[in-house]
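Each of the next two complexes has subunit A plus one more chain, namely subunit B in the first and subunit C in the second.
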Partner chain A sequence: MRKKELKLVVAFHTTADAMAMEKACKEKSVPGRLIPVPRSVSAGCGLAWCAALEERGQIVELMQNAGIEEEALHECMI
Partner chain B sequence: MNLSDSKKKLALAGVLCGLVAAGLAYFGNPANMAFCIACFIRDTAGALGMHQAEAVMYARPEIIGLVLGAFLISAITKEYRSTAGSAPMVRFLLGMIIMIGSLVFLGCPLRMVIRMSAGDLNAWVALIGFILGVATGVLALKKGFSLGRAYVTNTVSGAVLPIITVGILILLTATNLLKASASGPGSMHAPVIASLIGGLLFGALAQKSRMCFAGGVRDVILMKNFDLLTVVGSLFIVMLIYNMATGGFTLGFDTPGVIAHSEHLWNILGMYAVGFAAVLAGGCPLRQLILAGQGSSDSAVTVLGMFVGAALCHNLGLASSGTSMNPETKELVAGAVTTNGKIALVICIIACFVIAFTSKRKAA
Partner chain C sequence: MIYMDNAATTLQKPSCVAEAVMRAMSSFGNAGRGINDASLDAARVIYDTRERLCRLFHGENPKQFAFTSNATESLNIAIKGLISPGNHVISTVLEHNSVLRPLYEKEQFGVSLTILGCDEAGNISYEEMERSIRSNTKAIVCTHGSNLTGNLIDIERIGGIAKRHGLLFVVDASQTAGLIPIDVQKMHIDVLCFTGHKGLYGPQGTGGIYVCPGLNIKPLKSGGSGVETYNKSHPAQMPTALEAGTLNSHGIAGLNAALIYIEETGMEYISAVAQNRMRQFYEGVRGIPGVKVYGDFTAKERAPIVSLNIGNVDSSEVSDELLTEYGIATRSGGHCAPLMHGALGNVEQGAVRFSFSHFNTEEEVETAVCAVRELAV
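Take a look at the complex of A and B:
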């Protein structure tokens, strides 16, 4: 079983925003992956972007440039 | 208790929900129906006089319990959040489509799984359509489909549907204003208190585990994530054991008494529409009730769409009939999909495509 680590989790207002994030990250070769939004941060069932904590600055900049608005940034054990 | 931080706990939630469904079947609900969101909304619509199909009228306390269970647990755990504003009329339409697809197949995704656990091969055929429908919805998501975001709104707005369900419960238990079937599926039910407690438990568990049949398949296709499917899988196993233990397991297509038909194409297309529309609406019929309970007015509008869809199904002859045994001749009478139902379903699928590929995300 994979060991859980503290990760950066970006929650979005819509699933489409999460999909746009995946596309933007792939285009800019920013590492990370789509995950179901962790239950600890939401009772909803949308998607979130999961990345290493040290990617925070790069991810925030990418979202601003791509016009993607986050609902919240979290740090979670994933 | 956090029910979603490990697959074991998610499986436990599914097992508990399965036990609730099995218990309700034991206490009087139609065995193969046990806990069907589409059927129970249809029955409740009948009780309210929205349609005139006499065999399917009963204000199902399970529906009331699901909404109130989700409402109460979300309020207690401070997860209740009143939100609204994400394309309500499109969601209303999606609710209608979900119901029309369900009543052409004869069951929601939850009942499809329960029918599968009873050996009904028609439900296994319909599963193909459901997976394809969810996959089409996922394709739309990848192409940028969005109904727009919801916004936090007045706290009372999210509580309207839970309050309405309390009103229906009062009408059911303290008056004789509601209609109730004297025979047929609507007349088969567990005692009110058992149904209500079962619904409350199921609702609370579904809220905590985020149980969703469309979401489970969506997450596997999109992210190879099996968390939500674990809940559904364990519910299936419990119902399989229950059916085998009580003699309710019959492997086959023509199974009188199961309330199913064997028109394979329409079983597939019915659940295709349900899977497709559920991904667009952000959840299966069960999930819509739970989201509505925890404060989403958008999901509450989808639930209203399901009520109107159910009424239309019976007022306009869209609902299919189940295979049955003629009590006098002992001959098998094959269930059938109506012509009206076929036309409506094709329109529903076209509508899903139009919604899916014209509603696009806008950059912030």
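Take a look at the complex of A and C:
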């Protein structure tokens, strides 16, 4: 397994939210990618957005502007 | 074959639709079930399609659009998920069985119905509709356009009535989506039910439901959702709430291509051509002795449908002759709108329905007019 780093992980209620997030980030050139929801975030399934910690401010602003609803924002080792 | 059964399904689709389905079938994984490119590509196209539907119908948010297999499924979700015993519902005789049968089912469990009649031209009275509202009225459920006459119902006016009286407004847009402008916010539509394979030019097996924000519908189905595996209940958030199980991403890819085609071609243009074909046909047949045309053609806008009968001849006989002698595909008999046939007085005879798309040509319409003229002799 590769070395883990502390990352920002945004979990969503629906896949549609996750896809809206990916699209909005791509449009605004905000780096990050979709990952399977890590166990430390939720024992369920689904997609989460993973980004560097320093992107937090930009990501929160982007989500507010785009009306994207997160389930929760986490910081965890990915 | 000259295809004039577009109200049943549009046969001629833009070529991009089939191409998109083929591409999807060889490249899509299961949307929302993984982060591999195949799965994400499916999820991306599905989300993009939600956005396009949201723009087309002027929704608040793409998430308020869930995919279904057709308008029938959407209407069943809306009617069975919103109406409870003790409620009163107002509908009309213009309705298709996809509205009437779920309502009749609810009637057996303590829901009362008012089915508004229509005049000779097939139009309802909006005053009568408002007078029919009772203290326990929960919803108005009605079509935007009759699949038999092509008459439109003024859904903006009904939306106003529903809003004034605090009622839910559920619209069946099977015959109008993609052909007649619909603005769910301006028209105060709470639930819009539509199919993908008619005026939207998508594949059969695609359809959808818009639900206004804040309205929770008890889903017909529960099951896999791609999220919240260990939750005993199906997630309540739209669109997941109404999308249990794997989506028809291959079909939705086709619908996506169709929506792009409509955006690029222009719905106004598509609609205008279909309307012109309908008017040309109507003008050609309306004066033919023995031909009875149903519906109101004084309205500026209508669904591109002309239903008629020739004397007392069985509509299926006329339709069969049109196909075998002239190669013209129409629909005959009952059109799943039993009350409308009753109101028009052609329950026994049925009606021959010619329904047009913008792919029909003037020459095809002229051939159909000539065929009707010859058959009416």
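Just so it is clear, the second predicted complex is superposed on the first by the 77 of 78 C-alpha atoms of A that agree within 3 Å, B and C clash if a C-alpha of one lies under 4 Å from a C-alpha of the other, contacts with A are read in each partner's own complex, and residues count from 1 in each chain.
The rule is simple: contacts are C-beta pairs under 8 Å (C-beta built on N, C-alpha and C of every residue); 3 or more make two chains touch, one makes a residue touch a chain.
Quick caveat: nothing in here was measured; it's all calculated off a predicted structure.
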{"item": "Which superposed partner A:20 touches (first subunit B, second subunit C, both, neither)", "value": "both"}
{"item": "Touching partner for A:73 - first (subunit B), second (subunit C), both, neither", "value": "neither"}
{"item": "Contacts of A:30 with subunit B and subunit C, given as first, second, both or neither", "value": "neither"}
{"item": "First, second, both or neither for A:41, with subunit B first and subunit C second", "value": "neither"}
{"item": "Subunit B versus subunit C as contact partner of A:60, first or second or both or neither", "value": "neither"}
{"item": "First, second, both or neither for A:52, with subunit B first and subunit C second", "value": "neither"}
{"item": "Overlap of subunit C and subunit B interfaces on subunit A (superposed complexes)", "value": "13-17, 19-20, 34-36, 43-47, 67"}
{"item": "Subunit C partner contacts - residues on subunit A that touch it in the complex", "value": "12-20, 22-23, 34-36, 43-47, 67"}
{"item": "Interface residues, subunit B side, partner subunit A - complex", "value": "2, 4-5, 74, 79, 81, 86, 141-142, 144-150, 207, 210, 212, 215, 219, 222-223, 225, 227-228, 282-283, 287, 291, 294, 360-361, 363-364"}
{"item": "Residues of subunit A defined as touching subunit B within the complex", "value": "13-17, 19-20, 33-36, 39-40, 43-47, 66-69"}
{"item": "Subunit A-facing residues of subunit C, complex", "value": "31-35, 40, 43-44, 46-48, 50, 61-63, 226-231, 235, 237-240"}
